[in-house]
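Quick one: structure below, then a few questions.
All chains are identified by letter, namely A, B, C, D, E and F, in their written order; residue positions are counted from 1 within each chain.
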Amino acid sequence: MGRVVRGCPRVSAGLIAAYGELGVATVHEAQGRTGLMAPRLRPIYRPVRLAGSALTVELPPGDNWMLHVAIEQARPGDVVVATPTSPCSDGYFGELLATSMRAHGVSGLVIDAGVRDVAELTELRFPVWSAAVSAQGTVKETVANVQTPIVCAGARVEPGDLVLADDDGVVVVRRMEAEVVLAAARKREQAEARRRVQYAAGELGLDLSAMREGLSARGLVYEDHNA
Amino acid sequence: MGRVVRGCPRVSAGLIAAYGELGVATVHEAQGRTGLMAPRLRPIYRPVRLAGSALTVELPPGDNWMLHVAIEQARPGDVVVATPTSPCSDGYFGELLATSMRAHGVSGLVIDAGVRDVAELTELRFPVWSAAVSAQGTVKETVANVQTPIVCAGARVEPGDLVLADDDGVVVVRRMEAEVVLAAARKREQAEARRRVQYAAGELGLDLSAMREGLSARGLVYEDHNA
Amino acid sequence: MGRVVRGCPRVSAGLIAAYGELGVATVHEAQGRTGLMAPRLRPIYRPVRLAGSALTVELPPGDNWMLHVAIEQARPGDVVVATPTSPCSDGYFGELLATSMRAHGVSGLVIDAGVRDVAELTELRFPVWSAAVSAQGTVKETVANVQTPIVCAGARVEPGDLVLADDDGVVVVRRMEAEVVLAAARKREQAEARRRVQYAAGELGLDLSAMREGLSARGLVYEDHNA
Amino acid sequence: MGRVVRGCPRVSAGLIAAYGELGVATVHEAQGRTGLMAPRLRPIYRPVRLAGSALTVELPPGDNWMLHVAIEQARPGDVVVATPTSPCSDGYFGELLATSMRAHGVSGLVIDAGVRDVAELTELRFPVWSAAVSAQGTVKETVANVQTPIVCAGARVEPGDLVLADDDGVVVVRRMEAEVVLAAARKREQAEARRRVQYAAGELGLDLSAMREGLSARGLVYEDHNA
Amino acid sequence: MGRVVRGCPRVSAGLIAAYGELGVATVHEAQGRTGLMAPRLRPIYRPVRLAGSALTVELPPGDNWMLHVAIEQARPGDVVVATPTSPCSDGYFGELLATSMRAHGVSGLVIDAGVRDVAELTELRFPVWSAAVSAQGTVKETVANVQTPIVCAGARVEPGDLVLADDDGVVVVRRMEAEVVLAAARKREQAEARRRVQYAAGELGLDLSAMREGLSARGLVYEDHNA
Amino acid sequence: MGRVVRGCPRVSAGLIAAYGELGVATVHEAQGRTGLMAPRLRPIYRPVRLAGSALTVELPPGDNWMLHVAIEQARPGDVVVATPTSPCSDGYFGELLATSMRAHGVSGLVIDAGVRDVAELTELRFPVWSAAVSAQGTVKETVANVQTPIVCAGARVEPGDLVLADDDGVVVVRRMEAEVVLAAARKREQAEARRRVQYAAGELGLDLSAMREGLSARGLVYEDHNA
């Protein structure tokens, strides 16, 4: 009833480093507004940013056994991406598992469920994005899949996909598209830098992006107060 | 299908400054426990406090075009108050729009929807109260109203109303009532200061507000443990 | 319609001090994964930790009268544990009541409803766990019970129970079991300390807890990527 | 602290009858996609349809006193539209109040809170749209406003506005616009009837509304599976 | 880690029959507005009414083993009252377990979690109140308690308490208070019958309950429209 | 920015007919407790059952243009499975689109968003599973994908997958696995039929599935009340 797939491919350390300088919103835009996890996933401390290669885990409700199984599969640069097989807010993960993960090169956790020991995790600077904080303990009774494709917080994740997370949330980039999206994201960043200067100088998006005609065509009208 | 009303009246800079020293809870009480937005609106960083004159914006779901339109209407001291025309958690607003708004005198944003770039907005100290944080991008396709009366997070807001926001949430004061409410709020603050001293000295609300008789009349009885 | 039970027993100051060095997750585990309040209760600032003796209060919706009644019953070391008699997010409690509570020895508040003045409470370092932040004011019209057994955020609480709260949430320990649970929690802490060292050294839970056989028996299989 | 405005204008019986044959979605569209209450308001039985003149009521949390006050103000054709002054799911209304309302000409209730006795109300065929079903009782201690403008489930409602509700939800039409919107809604119904015939015959919206060019201009491309 | 308490007392068949003619709202009022479960518990079909003696069960998340254990403890007239040890929407119960329960005299189920086979359960007329409908299957791996005091949907339930459920929700009456509450509920029903006649005749609660003076004392004022 | 993939494969009419006699819970179990959509998807009327071949659609928030595009791709036996690209409760679909879909062979709709005209859809017996009912109208401005793999309510859906929905919810079966899962589901149904007879005769799951030893091994103990 449970499968562990060994030796899955990863995104390269170079790609991970490059993505580590980008924001989630930028990358999400650069790949056509796709790949975003639901906003219920929030970081346990802020500010924070993390990029890595997805190590996927399924978790039965109230059962964190597979996190132990996953750690053995970890390689430096991995981010564990864990999803419960049915909605669950229990605290699947805490400071002890973070210690174990860190020892095996895992740089952070994305989980559509609960975590605990958030004070200790914050002190350790072990980055976590979770759907809940809960001290509720879990059992170790039921097996599930590790390193198979999953859906986490509404986003499809395959083992080895690029995962990027920051204060805004979490986005996934297909491993084979990570180079192309990186280039697009950098281009977008440059355009945003130019736009930032223009906006700071008081120029309007209405003019810079030539919106006025389109607005008028859609029926936007201006009138004066009490006119 | 969309109207922009130009030249709406504002509350004065003096009033804005005066309200900037008051808390949301105090003002909400001072105007008879009205005008509060729903508690789903939370500041993106804390502590924070902001007063301003409402510049109202309607936003179609997943469409932030009208924020660009609104910026052109801004005057120093304005706070943009934006409401989606149907529930939406998308990230309508980020650091670029904040840069543009700030260049036009806007001092903050209240939005019953999502925002992104919260790390950058926090660094910029651009105050935002939102219902969600989401990197989800938006389009620019559909027009709506700017500077018309709206309902935002359950509260009616008219252009030029006084908006006050702090760590507790957001309250709206009708423009024409802002002077009267200010006076009432200051009076309330003074009463609270006196009460604070009494409470710190150990005096009880039961005595200070003569509650005992009322409690008894309503049927409150005292008994001893295991008696 | 309302009862106040005077002179309820408390957990000892020694026990409170001892629990103050433990975490919620540890204690929750040590007493068999029971006693946890629902994760909707969150601290208004972090990091924070608090142990105390429960002073229980029932609150009618939108009515905070009983908090005043409760303060008179307080003794040093008490934590007020308040539950609305029907779901309510109003701001029942703020800085003035905190001042009064502190003057009577109350060290913090756990409330399955809303609070306000969170900036001031944070500055005062008055610890609060609440289900909401809301400036919404309350009335003083209806009586209810103080120091009777209640259900708060899904957990049964009796007057004088040990309440422990930290960044992870809130747990309740029956007063008569507090000694036993304390011993179990300390033992658990020691075991965790040993495990922490092992995990940091790279040892796996799979081996340390001899999980491999059980996993296999439950049907976990390993395969190689693209094999 | 509470005001009752007597003698507010109503929409005419003729208008109420005319709206009673229209659907909420049609009217919402006909007035430019405005006036809709949040979808948390659901009918207690289905199918159901109701049109009437809004008799507005504010309700303190857990306090239904003002419903009694409102009944005295009722006239035949009125629909009571009630909103709590802070979020509340309590059962403000049941079969007894329905009996009293009906005796005074009230034809139904729209309430952004809870109701009870839903089996009896269903048998009586007294139409109710509510945000919750709850047996939780309420008190009669605090006054509020009757027949003043309110916000109910996100929509502004003024006394005497036209309220239309069916299985899809609740929409409000300003009293002064009710004639114009009625005409637009009827026109829309006729257009829909024509469209229904075309759709039933297999014609496509793509062709009937000439969408293909627009879709292509926006970047829609067609490809064959596995091509 | 799990206890089953055999031979717990029950409420009598006579009491169960007597309560079966009462409504949840009436009983909730008759015992001082206490004992109500949270309104998230809804019946899977309507109309429906059920009274019985509580057979309490704790359920680990995603694990329905204890329902099997509970059935052996059942006696005619029992209602199974089941609560997950942490929030869970999985489908713990379906038509097969209903068949088994019915064979052992269980007359219905109250569960603060999910159920499935609701079409079949509806056809069988096996009454169920649940927090969710979900086909999600569960495991049988972890033990928990049967026939011990629990908290279900916010209400304390002890084995053998009287449970009453209808279209409005679920209320619990302590076994030892069931006679007294029954008498109070019947008295209340009679008063309601009298009031129903008065209301149907057009008499106002304002007059029947002499509310006018109180309303005025609380500050309610009447004014005329446009006066 | 949008792709329509033509000529995607379907599951056969024979398979659709065969699945039409099975329940969602049974099929979900038969394929190893996978493929279930989140329980927020509920049928608009009950009882109802539907099997079909998935025709997948992405919907921008508040924009139903792609439903029109999808209809042209429909073949008899298709079920439209639609997911918004960000959370949205608007009423994307109503009676007119149902008429058009039915004319093109579509037998039902599964949508993780809102629908309207539910009274008319119920009368038409056009089966719909949705996350909300809302009259809120949508625009036709932005393109997206049709017949590409999507995530709907947490489940991965590929064009041509088998979709089965009933009163319990919605489950997806990979097209290539539909034969195997069908066989497993039928086998399960037979086992359930045998078990039903045993349960009806009063036999216990404890005995039929030999649970007693396992329960004891996990630490379940029996004690007598007040023993």
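Here is the rule we go by: contacts are C-beta pairs under 8 Å (C-beta built on N, C-alpha and C of every residue); 3 or more make two chains touch, one makes a residue touch a chain.
Quick caveat, the model's predicted, so the values are computed rather than measured.
Engineer: Common contacts of chain A and chain B?
Structural biologist: C, F
Engineer: Give me the fewest steps it takes to get from chain A to chain D if each step has to go to a chain it touches.
Structural biologist: 2
Engineer: When every step has to jump to a touching chain, what is the lowest number of steps that links chain A to chain E?
Structural biologist: 1
Engineer: Chain B-chain D contact: same residues or different, taking over half shared as same?
Structural biologist: On the two sides of the chain D and chain B interface, the residue numbers are mostly the same, over half being shared.
Engineer: CA centre of chain B versus CA centre of chain E: separation in Å?
Structural biologist: The computed centroid separation for chain B versus chain E comes out at 40 Å.
Engineer: Rounded to the nearest whole Å, what is the centre-to-centre distance of chain A and chain F, using the mean of the C-alpha atoms as each centre?
Structural biologist: 28
Engineer: Pull out every residue in chain F that's touching 2 or more other chains.
Structural biologist: 1, 33, 36, 85-87, 89, 134, 136, 141-142
Engineer: Could you please write down every pair of chains that are in touch?
Structural biologist: Applying the touch criterion to every chain pair yields A-B, A-C, A-E, A-F, B-C, B-D, B-F, C-D, C-E, D-E, D-F, E-F.
Engineer: Of all residues in chain E, which touch chain F in the complex?
Structural biologist: Checking each residue of chain E against chain F gives 1-9, 65, 68-69, 71-72, 89, 91, 94-97, 99-100, 102-104, 114, 116-120, 122, 132-137, 140-143, 147, 159.
Engineer: Show me the residue ranges of chain A that touch chain B in the complex, using the header's touch definition.
Structural biologist: Those residues of chain A that touch chain B are 23-25, 28-29, 33, 36, 39, 42, 46-47, 49, 166-169, 171, 192, 195-196, 199-202, 204-206, 209, 211, 214-215, 218-225.
Engineer: Within their complex, state which residues of chain B touch chain D.
Structural biologist: Interface residues on the chain B side: 1, 32-34, 36, 38, 85-87, 149, 151, 154-156.
Engineer: Would you mind writing out the residues of chain B in touch with chain F in their complex?
Structural biologist: That would be residues 60-63, 85-90, 134, 136, 139, 141-142 of chain B.
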